[in-house]
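Take a look at the structure set out below.
Labels run A, B, C and D following the written order; every chain starts at residue 1.
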């Protein structure tokens, strides 16, 4: 448990922010799947920092090194081990805060739990750990694409700015056109301002990301505890900074009447479909075949350069802290590929669990 | 997987709504814990239907029969098997809808996944399955109480009515005074009206439940996938009708600035505490020692007596459905003991995982 | 863990020897499998005591009560819960030994581990626990038979008497003709004498059981830890009284040369076969398609009526013990259905893991 | 599953014989444990080939590179990722047998299961995979030593040569004095001859290894499926070439009487002990506190240079094979550190499961 996720498509991650490398072992990937370094690099590039002034200026090539599980360009069914070296690590940034708890960070809880901790850049609790998730996600995505399934994440709110939501094909096209991964071009401009504004004040800001999975067959999900939505909730909530997950209408259900939100069934070309999709593609924990729709709320990055009150644990006394280092004022855009990855991993795992796909890809 | 939840405190549930019984096997409960039938009955009574006009009129005594794992009034460390017979089952209610998909229910997805299904009362996907969760929860709670930990769920919104939130001790006292498990007496009256109103129209209504866990030590939760909040999210999302989970500020984080919501640390009587608790008692997936605060949104019960459009799968043609049977117009009050149970199970499991408690209770 | 076995075909057992009942929850059985009480009863009858003077005179009807997971005579894919009541329990037999450790039994280790224990008839450590295994095995067997796979266990040695081993079909026929489950009629007579002889002296005797699985396809087993033989070893070693497991030639390999025991491949009707089957149908942890052959050694029942030296833990002083109660002088014949069950469970689980069979039985 | 072993002390291995590297991720190691590269190197050196003419002449430095989980020379509780590069790989040796099934090897079964396979040196099914097990074992051993527990494996039979068994302290001393890891100096000489003799004939030979664990506390092991002996059986049977596992008297129990082999209890210095240890330190699946004694049979290495009949799968026709490459004529000595590792991992895991040790090492 703990560093491993999934039942049959199983992902084990390791590595600290300022250690030698981060990496991942992926088990259960069917054999015979073509897999190249570029498949992984493309996804890693999406989460890479330093691409615009909106994100941390840490420069990483994030080049994946595949160590096992591939032979003649194809997966063999054996565990796939991939590492990415940590390159632009400035451990000195962390020397003067090694005993000082950063508010909103995991410093306190790791120290309480383990007694020791790698304080450089947050160590294991750093967002850098998501490199491993994105690598695993890139492989899950390859499996999904082979089965006609797509997963897309886009930013729908940052601070006070909310985005209009276009249709699925437009979302895919538009999010590549701006640095905030927003499918609404007008909102995107305002979101960038909102982030720059926070950054200029030494502050950070939160937001909401939506993930849509199109093409998943009906029948994914296991009653009663491993419901598809339960596994998605765990997968998404396990991402640092995520503090809420909802499916379909989500929290909007709270003041609705059943007669208004039940999704009615009808027949289309011999298939059973629902007229609306308030349930977000999941009923009784099992996929309906409609779009699977999740939303996550992302808290403002706790690393801010404003002065904050906290505690120095070496002397057990209160102290002020001003966090240096290179941080993202809003983590929403960079969480998108991570959220896509986690959803893809869950879907791939449930396709194996349901027997929709098998060990061998012919 | 599937019908089993937990790592060391492990719960396996079974049973259908209109079968012979429902039940649960609980593994990993430390030995030496005093456990009587009454401990379980008390919790079961909280979720029992038929207590007021707000809930289904199905009458069940829900009397637990302990089949194993207890000797001389104490747990032995062996699996505890408990069953509750299904008594007031009216299977006839379901004969004429055996081929008709109820909108918002799991009928369609179970049928697609398994080919066959026990259509009587929803079979395994029925809310009756939560009897097993509450039994397991009642045992988890006994472990928690022995360690000074309390878990309380209360309704904070039903339809348009929102409750004021009093302090923890008042919540515990007030929720027993009304049928809606609301800690705000004024809102409780309005909530009851909101439910009766929906019921009179043959409709149902949604709401929000908050769960607070007080007294849990710092250090519970495992990085990086089995974070305490990730496990809570899965546990709560796995309850039927729950479509969203949030921790602490939750979705309110979306438009906040880091400087306003980071919880600052200070020292109180030699202990490190946080001044605010926006993080809901969890940082980096590990408990801080502050109150753990979760909220879930509950969709309106899909069973309504208003006419709805749907599909008859025996003839593969569209049809109207009017659902008979005895249903809750709002499931929020009865979800409270279930949510308490799931949170208690997660906390007990993580106490074992963290080594805070052990196999033997001395 | 602990009381649960299997990955996708998952078995959770519970219950003590002298409690109300013993039982089992089976998860992961594909939907659509016809299953009747008789299927289970037939297997239970094989392990039932009191059938001859060779076994314990405890009389149990061992009638299974199916509580869930079956609808219209078929499995639904939901957990199958089955219980068997304990009827002929004479708890008084155990009153005077409640503080006295029976040599060779689990009394000491359970007491050290849990502090408390249900001492009546060994409680959870009793052979009665295998009722649950046989129930689960009877369902696994139904899955196997549908796929043309048979599993048969037979006794090949008791005390000094070794059996000749006839071919598979003859084994199946012969073992039903004697009370010792031996396929060699001549050896069977001598084995019965060996057991009666031990019994008359207030003693017990050990032996060896062989389990053959015919018809399993090539490709079952997962590298590198969940090898088919590794899972079989765990499954069989988890049966009380089993102290060794071997596959194929097993311990005979110790003084052999590679050139003499490597199984050479050849082609038969277009299929690849091996000329010999020293490997017992498993290479590199994966089935070859040949017979899977395991052997287990069974220690003499520790309950004997001869006087033995031991310790009284209430007074912490040494004491003599003479064990009363009704015990099997040789457990080998009654272990046969249990061993068949464990092997069947492992094979069914690996068929699901390998994707050879699916969730739905059409 | 599959490439992961253990519940709380969890080991995930990856890598192929002729790929870039092999490696392992270890989860659940308590924080605060001093761990240096040398601790691991010492154990790896024990299994390294090329040390004498008895083993394969493949030359590997087998230098471990620690990538995560260590900070300031101590474990942090985070996953420990370690890799070892493959250096002396001669892939050409395998070009002409890429379509030819080596008898006794996993070539056939991997091909049937996965369709594709890395045929160079056996790929994932190679003994090289055990590098990862030994690394994990070296860390488990550090935990055990801190708790006063030692694990030692020694060769007790090779071919026709059986060793006399001296006491525990002598075993530890003697096995370092010869290349066959035998504690009986006289037998060691004969065993070396037996191996050289097989090698000179282009053949290989089998044997038996015994593993003793001294100092483990009473109470390790979980009823009923995760018995300590069941987990040991799985752990040891999962090692390539192992075809049988026995505990204590093991297969010798087959013709014994209960009165002769039950281990009687007595009191020594206020502790309960057994006079004999036929049960091998385990009763009812739980450790007694006596020495835990296991034995494994190791089949002769299937790679021999004698001509063998087999099948060419590219043309589906029968063919002769003469295996080139550098192979061990007897794998017993090099299996010793692997067997020690697997036993150490099981014991460490059960110490965590039993709560005997905790997450933090103070």
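By our rule, contacts are C-beta pairs under 8 Å (C-beta built on N, C-alpha and C of every residue); 3 or more make two chains touch, one makes a residue touch a chain.
This one's a predicted model, so the numbers in the text were calculated from it and none came from an experiment.
> Enumerate, in label order, the chains that touch subunit B and subunit C alike.
A, D
> Count the C-beta contact pairs for C-D and for A-C, then tell me which is higher.
C-D
> Relative to subunit B, which chain has the most distant C-alpha mean position?
In terms of C-alpha centroids, the chain at the greatest distance from subunit B is D.
> So the centre of each chain is just the mean of its C-alpha atoms; given that, what is the distance between subunit A and subunit C in Å?
46
> Take the average of all CA coordinates in subunit A, do the same for subunit D, and state the distance between these two points in whole angstrom.
Inter-chain centre distance comes to 39 Å.
> Where the centres are mean C-alpha positions, what is the separation of subunit C from subunit D, in Å?
27
> On subunit D, where are the residues touching two or more other chains?
1-4, 8, 13, 78, 113, 124, 223, 353-354, 359-360
> Which residues of subunit B touch subunit D in their complex?
8, 78, 223, 353-355, 358-360
> Mind listing the subunit B positions that touch subunit C in their complex?
Touch list, subunit B to subunit C: 1-4, 8, 10, 12-16, 19-23, 25, 27-28, 31-32, 65-69, 71-72, 74, 76-81, 83, 113-118, 123-124, 359-360, 362.
> Over in the complex, which subunit B residues touch subunit A? Could you list them?
Its residues touching subunit A are 1-5, 7, 13, 101, 103-106, 108-110, 112-113, 124-125, 129, 157, 159-160, 198, 201-208, 218-219, 221-227, 229-238, 240, 243-251, 253-259, 261-267, 270, 272, 274-275, 279-280, 282-289, 297-304, 306, 308-311, 313, 316-318, 353-354.
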